[in-house]
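Below you'll find a set of structures to go through.
Next come two complexes built around chain A: one with chain B, the other with chain C.
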Partner chain A sequence: MTARAPTHRTHRAGYWFVAPAIVLMVVILIVPILIAALLSFTDYSLGNPEISWVGFENYDRMVNRSTYTRMITATATYVLVVVPASILLGLGAALLINSVKRFNDLYKTIYFLPVMAALLAMAIVWEFSLHPSLGIVNKTLASGCGTAAESVLSFGWLPWVDAQASWYARGCERGFPLCFGNKDYAIWTICFIGIWQAFGFNMVLYLAGLTSVSRELYHAAEIDGATSAWDRFRLVTWPMLGPTTVFVVTITTIRSFQVFDTVEAITLGGPSKSTFVMMYAIYEKAIQQNLIGMGSAITVVFLTFVLLLTLGQRYLVERRVHYS
Partner chain B sequence: MTGGRSSPFAEPIKHAILILGALVVILPFYVMVSYSFKSPREIETNTGGFFGAQQEMVNEYCVKLGNPREACLETPVAFNYSEAFKKAPLLRYLLNGVVVTASIFLIQVIIALPCAYALSKLRFWGRDFVFALVLFCLLIPVHAIALPIYIMLAKVGLTNSYAALVIPWTISVFGIFLMRQFFMTVPDDLIDAARMDGMTEFSIIWKVMLPTAIPALLAFAIFSVVAHWNDYFWPRIAITGNRDLYTPPLGLREFKGGADGSIWGPMMATATIIVTPLIVAFLLAQRRFIEGITLTGMK
Partner chain C sequence: MTGIRLSGITKSFGDTSVLRGINLDIAPGEFLTLVGPSGCGKSTLLRIIAGLEEQTGGDVEIGGVRVNNLRASRRDLAMVFQSYALYPHLTIAENMQTPLKLRDLTFWERFPLIGRLWPNYAAKMAALNATVRETADTLEIGHLLGRKPGQLSGGQRQRAALGRAMVRKPVAFLMDEPLSNLDAALRVHMRSELADLHRSLQTTFIYVTHDQAEALTMSDRMAVMVEGNVLQLGTPEEIYRTPVDRCVAEFVGSPKINIIPGAADGNGRVSAYGTPLQQRIAGKARRIQVGIRPEHLMLAPEGSHNEGWPFRVTHKENLGSDFFLHGHLNGSNHRIIARLTPDEVAMVTIGSEITLCPAPGTPIAFDEGGRRIGFVKDRQ
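After this line comes the complex of A and B, so read on.
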């Protein structure tokens, strides 16, 4: 009797304990995904009793309408710039911090600050810092004009550069660019803020990865003739960081697809849709303009990207990058 | 790591690069705090160093209310910070932020702990299926469910409510996953002993498992609080117009909506107030924060 009773009790309690979680998972995660998938084939809008099936029209628009092709371009640009840049900077920072003898923790703390701060607040501060007339960045740049700083920064000291035609010299002459008002610059400035915010996170992950690389491996590599720092990195550090890199790439890519705060706070998708990223598109089309069908289609595309990425990551983790 | 042969210049060069990077990272924080101290004139002309001259200035709004000019003299820092609270109900926003973040975390724990316990320590038919469901749900990014959840909430008339701010986050599959992994390491003997003492399964969760799980729970708490205090996407969607429900980021954004030159100081003060709590907490408990943010980097 004593052997049976606990199993019986355990058995029933288990269902009670998982039930709330199952209900919430279904209602909050799975059903919404199905709803989005379903609505993406309709022209549904809130408050409108009529709803009709439009087939692939919404998806069709995404490849044919200039608004949405620009959305794809903006999102792709953002992801393809922010992901490699923040990963390289994160890795670089981690390697440097790991190799210096002093102040390691101080650098680590500073580089991690942007991860903690509300991105919306920092976006507003960046916008202000880059403000064409009030901003500290353009002011500082302009204050260098006509001084020694100009001759340095216009790179006239490099034989192949024409100082007059350089970016800095032209900036001095005509004023420095509107970082957000100019459609050639806006997306890059948004990317810059994205990198600024993300690389500290990657750095911390790489630092954690580096602690697991054993010293013996470096010694072994050295005995085998890997004498230069580059060789050691190429033959030991980089392969050992493989699992970290797979994880970092996935996380950073998913997060980059989700960029919203900076765009909503600063450019509102403009100028001329050059920063019209996916999340902002969902917000503007579905929430503000009540084009739920279109918003759902974008949601589905976004979800597909993320699912493919995560599944790819899981596959890689299980197949290739296991060294332990 | 660099071996013994690196040149004597390597170390200074590395520090130079790291310091340059640090300057770029700090720049906006510097601007934010510095400008929250300065008068509008100092902001426009970019003078006054970090703290500004703190010369007393006349609060024009105070004069308009019929007070004598002498009574309306304020230092810029006092002006900026008092204005931050007067222009908008910032205190209310901060309180909303605390209420929302705290409720989200509490509900997440109340839902996730029993589930994690059942998945790791109880045997019942269908357990593997439930765990598979958790693993599947881990794939779903929160941003993908925002729009359909918004439609569901709108259908039941729940947008513009605290509930709307909390509901999508009540289930943290990551929390379940994390706690399950942790509970797997808790020895069964501990639970058997508690059962011998006649504890119910329910009280085992809260009186035996919870205390052992404090470190993991703390990491999860940091992750959850940081994510939801700073979150802007979901509040922006769920709250349309009712300012009483604004979270701190929404309040700051509202501030920016009507920004003219003279309002930059108070706005930077608001930003500073919103960003400071987490930064201070981070500086006080760095190791824990970095742990919490990175180990839960799944989302």
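After this line comes the complex of A and C, so read on.
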């Protein structure tokens, strides 16, 4: 048979081939999202025969109720702290590991360990470590009180610091803070665990990106007079890592929006909703309190964030960071 | 103009010795080519001169100053890479600005965003842009300054890479196979452009290539390297006419020189494959090898059978201006290539037997170890 333009028949065959994938995608992705979007305008709850259209009431609450303002604050804090910190640490660790000739496999393994461990289990371990009275962290801090460690850590040796007013000195006096029990500390502690867990993954992505940077570009930079490591980083490493960075930022941001395990295992959103992150809010509203409508509304907001991020990534990847 | 002197350069990677004591004295303003088969250490040598690689032993001197401990960025050399190594995220103008920025601007003036707030920034950038523009115009890439390397053809990238090397007016240009990524026609064109550029810049060029044609066409002198040694250093003419040994003779010239077994009799008279060559070497009777370049073979005049070699033609290659006749000496498996004019081969058919003889004075004799033996001038 000679080659010719596809006939109506072959056209139709094409649709048959993609049909299973399309059907699956519609059934398990598109339809649930549409249902969630619809439910977000209702007061539906499971087992309740009555369902009424409430319009934008759920969204209205999200803007006006303090619980949801705190949800946005907690989520934003988490994302804005964990994303830059884990990316910078990941990049730094990757650059350092890339520059050493020995033991780099050992370092890679050590930094990657938190990624491989189950976050839920790790969260429980951190909970014990940071327990106010039993935890190793506060105990260690307290054991330094009254010793030389206190004079060092209270920074009294710096001329402009009042040793008595320092964080460490006050901790010795009144006891060290409850990392998860104090609403000023809880979200930061959750952030810390998030960074600890995420940066190893980013490091591995950056290491992979670094291996693809051409050695000749570094040589060209050296010949052009880039004497300092900073000049070489700015001229070669950072631009060449552009595609990696876009990917790392997107994936870390999406993962940060999804934080759930640590909150569920340790703080349950408290104290006073200071760690009430979005995923946990969806879980609490929709599953625990059976407020499916409200849960759906949060889900829609969450999906919107993720969608915007993905679109942003596509734009950046296509316009800015691919050079050829 | 600055000369470069290499003395006793050695380089080994672990147990593998890549360079085995290289001594080279490169005159100011000279175009020196390092040529050799791949793996001969020529690129390593160039990178040692550049300072990108550290030698195991020996000294590099630039303009009479020992630079062993000077890093690449302080040696004031420019390098053109095989892959061009242009920064892909920068435009051609920015690529060409880079070496100047790194030399003329301070750390804070180079800093992103706040750099332009410094008082001298505008003046410095104006001067620098003028240099870039001027260089780009000499290379005829002025219209490409706003493009990224990815939007250029191979030849244009090549020029941009040259431009980036030229803006700083370095003491010497180092080029690592800069033409090998171009197509054949452009390569031939760029050969003459590079030679012109060298003539107008009057700067020392050190050029690395595996292509003997590039070496022969462009260099003032060429160094033939094999397995970490410089076998011969000389003008292209010297290397072509009087190679030190069979290895150099076979490397230079395309197609390869024909090697025919021969002998010298008690009086030193040389014959090759039974045919006397009218040339004499000093010393006693011995077996030798005779090298004859393809273009030095010609059809023997009719009826002079003992003046040449009977040659069976197996293949006729048409190059337009010339023909390559492939075949072997009758009754042997010595493959021979002869370069003849279309007129000469008009009557020659594949499978036929013809008689070839060398142009007088052209054969080269090698001893059995491969070293060249000089002919003795006959007093006639």
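Just so we're on the same page, the second predicted complex is superposed on the first by the 300 of 324 C-alpha atoms of A that agree within 3 Å, B and C clash if a C-alpha of one lies under 4 Å from a C-alpha of the other, contacts with A are read in each partner's own complex, and residues count from 1 in each chain.
In this text, a contact is a pair of C-beta atoms (placed from the backbone, for glycine too) under 8 Å apart; a residue touches a chain by one contact, two chains touch by 3 or more.
These figures come from a predicted structure and were not determined experimentally.
Colleague: Chain B versus chain C on the shared chain A, clash or fit?
Modeller: Partners fit side by side after overlay.
Colleague: Determine, under the contact definition given at the top, whether A:L80 touches first (chain B), second (chain C), both, or neither.
Modeller: So A:L80 meets neither chain B nor chain C here.
Colleague: Considering only touches as defined above, state whether A:L268 meets chain B (first), chain C (second), both or neither.
Modeller: After superposition on chain A, A:L268 lies in contact with neither partner.
Colleague: Under the stated touch criterion, which partner chain does A:L205 make contact with: chain B (first), chain C (second), both, or neither?
Modeller: first
Colleague: Does chain B (first) or chain C (second) touch A:D231, or do both, or does neither?
Modeller: Only chain C; A:D231 stays clear of chain B.
Colleague: Quick one: classify A:S214 as touching chain B (first), chain C (second), both or neither.
Modeller: second
Colleague: Classify the contacts of A:G242 with the two partner chains as first (chain B alone), second (chain C alone), both, or neither.
Modeller: After superposition on chain A, A:G242 lies in contact with chain C alone.
Colleague: Could you work out the angle between chain B and chain C as seen from chain A, using CA centres and rounding to the nearest 10 degrees?
Modeller: Once the two structures are overlaid, it is 90 degrees.
Colleague: Taking the superposition on A as described, I'd like to know which of chain B and chain C A:P20 touches: first, second, both or neither.
Modeller: After superposition on chain A, A:P20 lies in contact with chain B alone.
Colleague: Quick check on the superposed pair: does A:E222 touch chain B, chain C, both, or neither? Answer first, second, both or neither.
Modeller: both
Colleague: Going by the contact rule stated at the top, is it chain B or chain C that touches a larger number of residues on chain A?
Modeller: Touching more residues of chain A than the other partner does is B.
Colleague: After overlaying the two complexes, what is the shortest C-alpha distance between chain B and chain C, in Å?
Modeller: It comes out at 7 Å between the closest C-alpha atoms.
Colleague: In the superposed view, which residues of chain A touch chain B and also chain C?
Modeller: The answer is residues 222 of chain A.
Colleague: In the complex of these two chains, what residues of chain A are touching chain C?
Modeller: 214, 216-217, 219-228, 231, 234-236, 239-240, 242, 323-324
Colleague: Quick check: in the complex, which residue numbers of chain C touch chain A?
Modeller: Touching chain A: residues 47, 50-52, 71-74, 77-79, 81-83, 85-90, 98-99, 102-103, 107, 110, 112, 148-150, 164, 168 of chain C.
Colleague: Quick one: in the complex, what on chain A touches chain B?
Modeller: Within the complex, chain A touches chain B at residues 6-7, 9-18, 20-22, 24-25, 28-33, 35-36, 39, 46, 89, 93, 96-101, 103, 105, 107-122, 124-126, 128-129, 134, 136-137, 139, 196, 200-201, 204-205, 208, 218, 222, 229, 232, 247, 251, 254, 257-258, 260-261, 264-265, 279, 282-283, 286-287, 292, 295-296, 299, 302-303, 306-307, 310-311.
Colleague: Per the contact definition, I'd like the list of chain B residues that touch chain A in the complex.
Modeller: By the definition above, chain B touches chain A via 1-3, 6, 11, 14-15, 17-18, 21-22, 24-29, 31-32, 35, 43-44, 46, 111-112, 114-115, 117-119, 122-125, 127, 130, 133-134, 137, 139-141, 143-152, 154, 167-168, 170-171, 173, 176, 195, 200-202, 205, 226, 229-230, 232-233, 236-237, 240, 248-249, 252-253, 256, 261, 264, 267-268, 271, 274-275, 278-279, 282-283, 286, 289-290, 293-294, 297-298.
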